[in-house]
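Could you have a look at this structure, given as C-alpha cells, before my questions?
As written, the chains take the letters A, B and C, and residue 1 is the first residue of each chain.
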C-alpha cells in the first residue's frame, strides 16, 4: 500500500515537472569500447542538431536536452541502458549504433512507449518486428545489396562471380542481398562463402577463386579483411575486380591493400557533406572543429531534427502521435527527402557506386 | 633428436621454487631501470598513426616520456632498497592473516543469512527499474561464477571455454521456444540437461588429460560452439541471432501489456494497473531464487562425499588414485554439474535479453567469469558472490573504468596468483589442525 | 593436370601458413620442454614484436630509407631486443613468483598476463588496424594456361627462416654447454641446481630465446600480411599451441611438423570444403590428437612418477 501511494506520488511529480522541463533526447551508443569512434560520429551529429534547434528557439517553446548513454556496443549493456532510459523517463532515443545492441533495446522501447530512431543500425530485422515507434535514418543492408547487385548485373556483367562475406550480421546480410539480386538477373554465382573476421590468411580461398575462374568478387564485410584479401589476391596472381559495401569505404583500405585497392567498387551513401544545401551545416561543424563526413554524423543530425519536427507537427510530445506524424508526412533533411514506410524504414535511401583509388580517394563509377 | 627437450616425471617447475639473489643491488637496480625504459619506451613512448593512407610514427611528448623516466626511477629505487625492505619484513613478520569478520561465522550466521535474503527480497520494491535490472544481471554473473567455481575452484580444472556452456543454455531456450514453442519453464530444465550433456560429452575424452591441455581444449571448445552457432544460419539465424524470446510467465500469466490470444495478462488477472516494472521485478526474483538454489545445491554437494572428493583430487591427484578413487569419474561429475549451472544461467540470460546472438558469447566473457572466480578466492562461495557484484557494478559506477577493465582483470589475475592465490575471501571449512608447537 | 596444380597450390599455401604457426610454436614448445608450463603470453609477445617491427619500418621510412634489407635488419634487431625484454620481464613478474606453486595457479597467472599484455597494447597503440606496404613483393609463377601456381618470395623466406630456426635451436640444445644445462634442468631441476647449474638463469634464458623467436615470427608475418592490431596474438597463439601439441609438445621438430600439418589441413579445408569450417577443423584435429595420442606425433608418452 505504502509503495502504491509512493508510486502515484512519483508519477504525479514526474508529470508535473515534465510539463515545464525540457524534452530530453537520449543518445545511446558506444562511448567506450572498440567502436567508440563510430559512437562519436553519432554523438557529434545529434549534439549539433540539438544545439541548432535550441538556438532557433527550441520545439514549441521547449528546449531539447541531450543525454549520452553508453552501451559499449554490447547487447547485454544495451538492455541495461534501455532500462535506464525508461527509468529516467526519457521518451526519445537516438541510437543505438550496433545492430546487435539496437535489437534487444528496441524490444524494451517498443513495450514502454519510447520512440527510437537509429542513425546507424542497418540490419533489416530491427524494423521487421512490427514496432510502431522504431525508425531509422540510414539505409538498410537489404537496400544496399540490391543497389550493388543491379550495378553488377547491368554494368559489370561478370560470367563467374563469387560472393564472400565475414559471417557477421552486416556483411552476411548485404552479401545475401547481392546474391538474390544477381541471381534474378541470371548471373552465375559460383561461390558463396564466409570467412572469419580477424583472420589474416586468405590464400586458400584465393586459390579457389582462381581455380573457379572467378572474374568478379563481391565482399560483404569491413575493410580490414577486404584489404588483406585484395593484397593477397594480387600477390597470388588473382586479378579480378572486387566490390564492397560502405563498411569497406574507408581510407584504411588503401593503407592495407596499397596499390591493390585501385579500382575497387564501393557502394556508399551520397556524400551529404558535399551537398550544397548542407553548406551552412558543414560550416557549423567545421567551426567547432568537427568532421561532418563520418557516415553517421548526418543521419544522427537528421534523427534529432525529425523528432523535433514530429513534435512540432503533431503538437504533442506523445511518442505515438509523433510516430504517426512522421509516417504520414515527408521531410526535407540534410540526408535528402525523408519518407517513411509502415515499418519505419526510409522509403528511399540512395546508394551510389564509387570507384576507389589507391590514394584513398573515390570517384563516381561509370554507369 | 626428437626427444631433446622431453621432460620426465613431475614438472620441474613445481619441484624448485625460485631463489632470490641480491648480491649486486646497484647493478640489478640499473638493469631493472633500463628494462623499464625499454619496455615502456618501445610501445608507450612512440605510437603508430595513420595519416591518410600512410602509416607514420609519432614520438610522444615530454609528458609521456617524463612519466616513463619517473617509472624507471621508481623501479631503480625500489630495486636498490629491496634487500633491506625484505630483510626488515622478514624480521618483523607477524603471522597475520586476514580473516572474515565474526558476522559471517558462529551462531548468528543463520540469522544473518535470513536477514540478507529478506533484504534482497524487499530490494526491488524499494528501488528503481534500472537498479533491479542491473541486480538481475549481477545475479546471472553470480550464477555463472558459482558454476565455474565448482570446476575451477573446487575440482581444480581450468575451464577456459565456460562461455560455451552458457551459450548452449541460452540457445537451448531460444531454439526450443522459437521452433517448438516451449515456455521458459519447460525449457529451463532442458537447458540444464542439455548443457550437462555437452559437459559430459566434452569432459569424457578430455578429462583424462593434464590441466594445461584441458585449458586449451576447453578454450577451443568455447570457440567451436560460437563458430558453429555463427555458421549454422538455417537453425540459429547465424550472426542475426534469435529475437523475441519471451520473458518467463507467472503460472502461465504473462507480464505484457496485452497478452497473446486466449491468455490473460498478469495485471488483469489480479485486477491491478499495468506496470512495466512488474516484469523486471519478477525476473529479478526468479534470478534470486535460482541463485539461492544454486548456492544451496553446491553447499550440500560440498558436504557430500563427492564434494570432498573434488577437493581431494584438486590437492593431490596421485594420492586420490592410490586411495581407490576414480579421478576421471570425479572430474567428470564436477565438469558436468558446473556446466549445467551455466546452462541455467544461459537460459535466464536469453530471457532477460529477449535477443541473443553469438556475439554475446566470446572468450572475453569466459575471462570475466574466470576473473570473478579468481578474485573471489577459488572455492569460496561468498567470495564469488562479492567478486561478481564488484565486477558488474564497477563498470556502471565508473564508465572510464570500462576502458581499463580488461587490463585490470589481467593484472589482477597475475597479482592475485602471486600474492593471494587463496583469494580475497578464502574458503574456510571445519577442520582440525595438529598443534605443532 | 589442373587438379594436381590446384592441389599443389593449396599445399604451398598450407605450408606457408604452417611455417608461421611453427615459428611461434617453437617458442611454446621450448618453454614447455624446460619448465613444463604453457607460456600463454607467447602469442602476445609475437604481437608486440609485430608492432615494434611496424614502428621501426615506418620510422625509418619517414627518414627516407627504402632499402628493404636494411629495413628488415634494423627492424629485426630492435624487435628481437624489445621482445626479449618483454619475455624476460613477463617471466620475472608472472611466472617466477608462482613457480613453486600448483599448476593451476601458474596457468591462471599466465592467462592473466596474456590478457594484460593484449589490453596494454590496445591502450598504448589503439585498436585500429595499422598497415605497412610489402617490402619484398613478387614471386615465381609456373603452371599451365588454365591454372598457374604462385609462390611468392615472402613465402619462401618464411619457410626457410622457420626451418633455419628449428635447426639452429636443435643444435643449440643438443650441442652447446648452455643447451646441455637446459636439458639437465628439464630432466631434474633440483639435481641440476645441486650440480652447479644456475637454474633461474637457464629458465630466464629460455623465455628470452622464446621471445626472440616470437619477434622473428612477428617480423616475418608482419611483413607478409602487412597488418597489425592488438588482437592478432590471441588467435596466432592458439593456433601455434595447437601445432605444438599436435607435434608433441616439448619437441622442437615436433612443433615444426605440427605447424606444417595444421597449416596444410587448414588450407585443404578451405580449398576443398569451406573456409568457414577452417577453425573448426583445426580445433577438432587438436581434440582428436589429444584423444588418441595425447603426447603428440613426435612426443613420447608421459610417465608420471610419484
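Note that in this section a contact is a pair of C-beta atoms (placed from the backbone, for glycine too) under 8 Å apart; a residue touches a chain by one contact, two chains touch by 3 or more.
Chain-to-protein mapping (UniProt): A = Branched-chain amino acid ABC transporter substrate-binding protein; B = High-affinity branched-chain amino acid ABC transporter permease LivM; C = High-affinity branched-chain amino acid ABC transporter permease LivH.
Since this is a predicted model, take the numbers as computed values, not measurements.
Asks: Counting C-beta pairs in contact, which chain pair has more, B-C or A-B?
Replies: B-C
Asks: Please flag the chain sitting at the greatest distance from chain C, going by CA centroids.
Replies: A
Asks: Report, in whole Å, the distance between the mean C-alpha point of chain A and the mean C-alpha point of chain C.
Replies: 39
Asks: What's the distance between the Cα centroids of chain B and chain C, rounded to whole Å?
Replies: Chain centroid spacing, chain B to chain C, equals 29 Å.
Asks: Would you kindly tell me how far, in whole Å, the mean C-alpha position of chain B lies from that of chain A?
Replies: Result: the chain centres lie 34 Å from each other.
Asks: At least two other chains touched by the same residue of chain B: list those residues.
Replies: In chain B, the residues touching two or more other chains are 50, 55, 227, 231, 403.
Asks: Specify, in ascending order, the residues of chain A that touch 2 or more different other chains.
Replies: 167, 194, 196, 252, 255, in rising order.
Asks: Out of chain C, which residues touch more than one other chain, so two or more?
Replies: Within chain C, the residues that touch at least two other chains are 128, 131, 276, 279.
Asks: In their shared complex, at which residues does chain C touch chain A?
Replies: Touching chain A: residues 2, 6, 9-10, 13-14, 16-17, 20, 127-129, 131, 133-134, 137-139, 141, 146-148, 150, 152, 154, 221, 225-227, 229, 231-232, 235, 266-271, 274-276, 278-279 of chain C.
Asks: Would you mind writing out the residues of chain B in touch with chain A in their complex?
Replies: Touching chain A from chain B are residues 50, 52-55, 125-126, 128-130, 133-134, 137, 227, 230-231, 233, 238-241, 243-244, 256-257, 275-276, 280, 349, 352-357, 359-360, 396, 399-400, 402-403.
Asks: Within their complex, state which residues of chain B touch chain C.
Replies: Residues 1-19, 21, 35, 38-39, 42-44, 46-48, 50, 55-57, 152, 156, 158, 160, 205-206, 208-213, 215-217, 219-221, 223-224, 227-228, 231, 314, 318, 363, 367, 370, 374, 378, 403-404, 406-407, 409-414, 416-418, 421 of chain B touch chain C in their complex.
Asks: For a test of understanding, state which residues of chain A touch chain C in their complex under the given definition.
Replies: 34, 167, 193-196, 198-205, 207-208, 210-211, 213, 224, 227-228, 231, 235-237, 252, 255-256, 258
Asks: Within the complex, which stretch of chain A touches chain B?
Replies: Counting only chain A, the residues touching chain B are 3, 7, 31-33, 70, 72, 74-76, 79-80, 83-84, 86-88, 100, 103-104, 107-108, 111-112, 123, 125, 129, 167-169, 172-173, 194, 196, 251-252, 254-255, 358-360.
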